[in-house]
Amino acid sequence: MHKELLENVRACRPLIHSITNYVTVNDCANMLLACGASPIMADDIGEAAEITAVCGGLNINIGTLNERTIPAMFAAGRQANALRHPVVLDPVGAGASGLRTRTALRLTEEVRFAVIRGNISEIKTLAQGRGTTKGVDADPVDVVTEDTLDAACAFVKAFAAKTGAVIAVTGAIDIVADGQTAYCIRNGHPMMGSVTGTGCQLSALTAAFVTANPKETLRAAAAAVCAMGVCGEIAEKRLGAQDGNAAYRNNMIDAMYRLDGDTLERLAKCEER
Amino acid sequence: MHKELLENVRACRPLIHSITNYVTVNDCANMLLACGASPIMADDIGEAAEITAVCGGLNINIGTLNERTIPAMFAAGRQANALRHPVVLDPVGAGASGLRTRTALRLTEEVRFAVIRGNISEIKTLAQGRGTTKGVDADPVDVVTEDTLDAACAFVKAFAAKTGAVIAVTGAIDIVADGQTAYCIRNGHPMMGSVTGTGCQLSALTAAFVTANPKETLRAAAAAVCAMGVCGEIAEKRLGAQDGNAAYRNNMIDAMYRLDGDTLERLAKCEER
Amino acid sequence: MHKELLENVRACRPLIHSITNYVTVNDCANMLLACGASPIMADDIGEAAEITAVCGGLNINIGTLNERTIPAMFAAGRQANALRHPVVLDPVGAGASGLRTRTALRLTEEVRFAVIRGNISEIKTLAQGRGTTKGVDADPVDVVTEDTLDAACAFVKAFAAKTGAVIAVTGAIDIVADGQTAYCIRNGHPMMGSVTGTGCQLSALTAAFVTANPKETLRAAAAAVCAMGVCGEIAEKRLGAQDGNAAYRNNMIDAMYRLDGDTLERLAKCEER
């Protein structure tokens, strides 16, 4: 299934509006270009809704959120909902500060999201209405393992049913689910954690996939997660003895640029449960 | 002619103040360093004019413009005019939102620009006072081809005459013109469109070239456009089978770092018409 | 001594809160990851102090400072002081504008810094209460040479004694000193000046080193400076004939990712005087 979903991104070249953090924004833009989409970033309330209107999809990422950009997130989200454009939420660091937790929660109340993608601690924070994440990585106690996978899938499905959004929880094992179906994805490489913003890049990518595949939100989100993981694997194989996380960052974007549908189909490790 | 113009940049190492978007700012800074210039970024109204005053040239780019940085653009622009420093405008996304169109138009009214560089849709938006660009790429209907080149040159010359600025319209064929003379440049590679911010980098580069060549604004702007295109060609030749747009981004900056005047002179495809 | 100090960073993986400029923020985050630390960026007054509280150390960098982020710097700095977390100041461009000079001076008055790291012109501006730096590079007249090294060491020690902070002045020869002891470090490569933000990266790295080595602030700061310089040397050796400052930027981060304690110990050129 992944092959067609990627090929649709390459064919329709969706224009994606991102309101995102300034730490990883350049990589998000280049990752969107690598998958065949086109990026535009605009975070001022004076133009956010208007930019959303000329795009196909919207990606809201709350890293480095601030009093100036938060209203733009709501305005763009409402506009996207009115136009029935898919919206992705990346609740970066939800649980690490009250501002992030409150903003992410209010966004889920006032904007209808197609997909919410985060690490397990961020998603638990949204589900529980509070959290205590340290920083932008998942808390060790929350991490999904083979032992806790069934319980985690049930939790993700339940939160998906409650929100009406596809939920993508990424980590060593990724879970992408709506209220009925969960995909467990075992692609990727631990070194992805050594590059800032691989999660942000995945959220941008997910926005491109769900925009280009409007009736397949669950499968498109799963395909985006597989594609990112496959690129993480290809990128690792290219590393030389002196290469580190900077080369790896470039290799991942390059792998996405070169990724074809057949390779994605062959390497994706995506199990329904 | 290009050789000396580049060598002047390397020799005088102009300090360039950029008020620019946070998406591509790092690449702009490294591209300025690659060509021999020195970058400083400062966008707060509390220091913008003062920073302009210690620099040799100013580069205003309206990507991710916002209510906080717009007044800084005007203050810096006025200061640069008062000190007779060259100012470059990159009207990123003019036509895609009212805020961008209005801001770019007001800038052209209140600040005297040495060079305005954009894609054809952005420049048409400025010339017509309105536009409907989708995103930050040129509209397909606007694209300059060999068939429409004469008409496009006439349009660019007329707009240059009206504004008093050198106008640089970049695309598959670039046009750089003042009111009398147009240069058509056929350097570059389509893959430049797969890297975010190659236009932004070119605008920063143009600011360096016109600052280092104060009496040669038209030819300096044309040389900057040739240099960027030549680097796009060199960068493409270095790509391996697994390389993509991330490697290409690095290769372009590296090509500028290594570019010498003779190579630029030899590879530049610049026709006067 | 450097070996253990680096190994402590890798072992304790400190979480570092950076309030930093948007030009070089991505490289700072990846450099923190490369050394084994974990980055979080947050600059809104609504969360800055709270984010500081969940981190181990704080890095304040005044590049692209603005009216929105300055209060966040003070709030985070005070919180870090209250919790006895080490705080690093990078006074980027102090002396180039009144806003930067005043903000840096006020920060040194209201926040207790573990380390202040800058080029010689920035540090002189802080010591003298005023300055006239052009841009973000050191003024040629200020540059530390073998001839002026003794006087420079005395100046740095005196300013360290006055502020109570370790002072790190970086340039061709680096000086890291408290009131009693100065280390002169002769690592690094001139090409580091061709990459935007190597100073910013070093400040972030210094925050990681002093956070992971709480009772060794002086030696930890010196080790960070040595480590950055050693990476600059390793990165240069890897450059091919067509590589430039973009490849060099990646190579430096990769060198830090691969750097082990024994290599650092062997290559560090650190003299006490």
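Annotations for the structure displayed:
Chains: A, B and C, in written order; residue numbering restarts at 1 for each.
Keep in mind that, in the parts below, contacts are C-beta pairs under 8 Å (C-beta built on N, C-alpha and C of every residue); 3 or more make two chains touch, one makes a residue touch a chain.
Here the structure is a predicted model, which is why all the values come from computation and not from measurement.
Taken as a contact graph, with one node per protein chain and an edge wherever two chains touch, the assembly is complete, since every chain touches every other chain. Under half of the residue numbers found at the subunit A and subunit C interface occur in both copies, marking it as a different-residue contact. Subunit A and subunit C have Cα centroids separated by 33 Å. Multi-chain contact residues of subunit B, defined as those touching 2 or more other chains: 22, 26, 68, 249-250.
Residues of subunit A that touch subunit B in their complex: 15, 22, 25-26, 29-30, 33-34, 38-47, 50-51, 54-55, 68, 234, 238, 249-258. Residues of subunit A that touch subunit C in their complex: 21-24, 26-27, 63-68, 93, 96-100, 134-137, 194-197, 242-247, 249-250.
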